[in-house]
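Following are the structures in question.
First chain A sits with chain B, and in the next complex the same chain sits with chain C.
So, the complex of A and B:
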């Protein structure tokens, strides 16, 4: 039915199959839509957030998807600035994933603030001392950059490409993509860092507070590094999932291997610095506040296991797997390492948000727990549904993977 | 502000006076303590010992109106993080204020405050008519809308009122008794004293020289403007975190 819209020379499933494929994701979107409506109509009392858990599931999700979406800017940087040509086979997918992550995060943030209509005050009454201002400015600008990076791909749809003006416009945009890749890299470096800075500057919360360089706490640099270490792994996972579902090879191995190798080095450097930062915190910030390291891991479910998981299981182990060419060339090990790496970054964001707020600072205050409501889950799940829908639609109607035709010749 | 914990009986009058004075919204069911609004919050603390050695003290906690963020910057943590400049410190008065109509409700300030002194309006404002609450709403205080953060203002409107009065009488300086907070005024045992810490004539300036005077979480270097006094070592020790051997009990009181 929609065959005139499909890219030439590639095979796609029938329209009805595609329709049924979209149903679960549309259901997630409907769940999210209802949740968003309730939160906007009745207020944030629909969530289980509280004066203790001022930030909760949505912020964890926001920070996690933004970190995982870092594959977009970093792949763009490697492709257009460093000149890693083989990554041209994966850059489109990386841009779409980035666009999904950032637009999803922006949507969630719009519901997360108590007065969404005043969202523009961030720009109008900007407090230049606030890390969140830097985050907001850079994310907004970067989402525009991602939109611009996405446009040439959309314009390469078979029908749109027939329109001469659009073809020329798309081609011209593509020609100057290095400029946008550089802009995106600059913006992303700053907002990934500022997201880390947001927690490092909580100087009155010893669990999150960090020393730093000039105005930037160490978390600023660690968040950048962890994002560019995990982002490529998330891109690998998404392309592997797309290959699994479409039962086709979409990206040549050399592109995947290059991403995995770069990720290995970045993750290794990140782990060394993360361990140094943790030690600096244990012997600096913590005793200065009159506390011992173990004091933070006594309450509730948040024990030392968090540190072990974050550093060893989801940090050192995937770094080792990805570092060895033989291991990363093995499909199973590659996917395991990517999954561990991505889980590690989500856990890191969770610890900086939820655990920071759960641990009372006043010695006589109590530990509070938090579990999200179905409305909170609904909005978070809607981002996943939106991601699957957009990526599926992009894959179906756009030439996302330039090598798809060569790797899967259609035999009639 | 100086709060004498040895005098405090934990009656809660300060909390009620504060809420009534500042048009603090309530809920039909106030049991969800994570989401109720208590600008002045009363903590009950104990020395953790078994009977008959158990001791109890009450710890009223308003906003500390911090002077610094803990790293030497002359802005409290909540002010420096605020994304829309909706909370500010007035360095003339030391009062940390909240601009309700500018707050976007991101709650970053709540995350930054170690004292839990900031409250978000999870619901629309509610003053139950059947209880007569609407009859004593103060016209001097703007009610807060859903989705914004609010906090203790040291009854800033009373300062404005006192200044207006002084202006009408052609004066520039305020007398010590002319400006005090609702909690300090209502306290039946006068455990709360309010004044200008920078004015050596004011009683609070004398009181903070006591060897028993301390501030909550002083080691975080947020420079709160609320001082506490307690002659009990365990109370002073519970007001901050100490590594073994760090806490020094007062051995000779000379203040």
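So, the complex of A and C:
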């Protein structure tokens, strides 16, 4: 039925199969829609957020998806600025993933602020000393850049490409894409860092508070590094998932291997600095706050296992796997390492947001527990549903993987 | 006060913060305007010579 819209020379599943594939993701979107409606209509009392947990599930999700979406800016930087030609086979997918992550995060923030119609206050009444204002400015501008990077791909749709004006416009955008990629790199670099920079002012929360250089705590640099280490792995995972579902080879191995190799080095550097930061925190920040390292891991479910998981299982192990060419060339090990790396970054953001707020600081404090309501889960799950829908539609109707035709010749 | 900041103050902090924002927005805006103008200028040319040539790196995918 929709065959005139499909890219030329490639095979796609029948429309009915595609329709059934979209149903679970539409269901997630409907769940999110209902949750959003309740939050906007009745207010944030629909959530389990409180004065203690002003940052909750949505912020963990936001920070995680923004870090995972870093593959877009970093792949763009490597492709257009550094000139890594192999990555042109994966840049479209990286841009779509980035667009999904950032637009999803923005949508979630729209509900999180409680009164979206006053969302523009952050721009009009900007507190220029706030790291989060910088984040808001940067992610808004970067979403524009991602939109601009996405437009030429949308205009490559078989029917849209026939319109001469759109064809030439897409062509013109492509010619100066390096300028947009450079702007995106600048914006992304700062907002990834500023998300970590926030912990430089959390003096009352020694679990997360960090010192650093000038106005930038060490977490500023660690957040950038962790994002550019995990972003390419998330792009690899999404590409591999698309290959598994479509039962096709979509990206040549050299592009995937290059991304994995770059990710390996970045993750290794990040782990060295993360371990140094953790030691500095144990022997610096914590004693100065009149506490001991173990004091943070006494109450609730958060024990020393968190540190072991974050640093060893989801950090050192994937770094080692990705570092060895033979290991990363093995499909199973590559996917395992990418999964561990991406889980590690989600866990890192979870620790910095939820665990930080849950752990008691003063002797008279108690451990605070927090469980999200179904409405909070609904909005978070809607981002996943939206992501699957948009990526599926993009794969079906746009030439996302430029070598798909060569790698999978259609035999009539 | 500027059109984009109600509490604008003439000091270094505001100049750096908003300066970088305006630079980013200017680059994005100028890039888009350039593309619109280039499309408009190229339209009559393509009427004579057909569609513009394929973007070089797109044509060379098989070489990677």
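By definition in this document, the second predicted complex is superposed on the first by the 411 of 412 C-alpha atoms of A that agree within 3 Å, B and C clash if a C-alpha of one lies under 4 Å from a C-alpha of the other, contacts with A are read in each partner's own complex, and residues count from 1 in each chain.
As a working rule, a contact is a pair of C-beta atoms (placed from the backbone, for glycine too) under 8 Å apart; a residue touches a chain by one contact, two chains touch by 3 or more.
As the structure is a prediction and not an experimental result, all values here were calculated from the model.
Peer 1: With both structures superposed, pick whichever of chain B and chain C touches the larger number of chain A residues.
Peer 2: Counting residues of chain A touched by each partner, the higher count goes to B.
Peer 1: For A:43, select first, second, both or neither according to whether it touches chain B, chain C, the two together, or no partner.
Peer 2: In the superposition, A:43 touches chain B alone.
Peer 1: Is A:209 in contact with chain B, with chain C, with both, or with neither (first, second, both, neither)?
Peer 2: first
Peer 1: Is A:125 contacted by the first partner chain B, the second partner chain C, both or neither?
Peer 2: After superposing on A, A:125 lies in contact with both chain B and chain C.
Peer 1: With both complexes overlaid on chain A, does A:148 touch chain B (first), chain C (second), both or neither?
Peer 2: It touches chain C, and chain B stays clear.
Peer 1: For A:176, select first, second, both or neither according to whether it touches chain B, chain C, the two together, or no partner.
Peer 2: Once the two structures are laid over each other on A, A:176 reaches chain C alone.
Peer 1: Looking at A:86, would you say it contacts chain B, chain C, both, or neither? Reply first, second, both or neither.
Peer 2: second
Peer 1: Is there a shared patch on chain A that both chain B and chain C touch, and which residues make it up?
Peer 2: 124-126, 129
Peer 1: Touching residues of chain A toward chain B in the complex: what are they?
Peer 2: Listed in rising order, the residues of chain A that touch chain B are 43-45, 49-55, 112-115, 118-119, 121-122, 124-127, 129-133, 136, 198, 201-206, 209, 287-292, 295, 356-357, 361-365, 368.
Peer 1: Could you list, by residue number, the parts of chain B that touch chain A in their complex?
Peer 2: Going by the criterion above, the answer is residues 32, 34-35, 43, 45, 59, 66, 69-71, 73, 75, 77, 80-86, 102-108, 110-116, 118-124, 145-149, 216-217, 219-222, 238-243, 246.
Peer 1: List the residues on chain A that touch chain C in their complex, please.
Peer 2: By the definition above, chain A touches chain C via 85-86, 88-89, 123-126, 128-129, 134, 137, 141, 144-145, 148, 164-165, 167-169, 171-176, 179-180, 183, 186-187, 252, 254-255, 402-403, 406.
Peer 1: Under the touch definition given earlier, write down the residues of chain C that touch chain A in their complex.
Peer 2: Those in contact with chain A are residues 4-7, 13-14, 17-18, 21, 24-25, 27-28, 31-32, 34-36, 38-39, 42-43, 46, 51-52, 55, 57-58, 61-62, 64.
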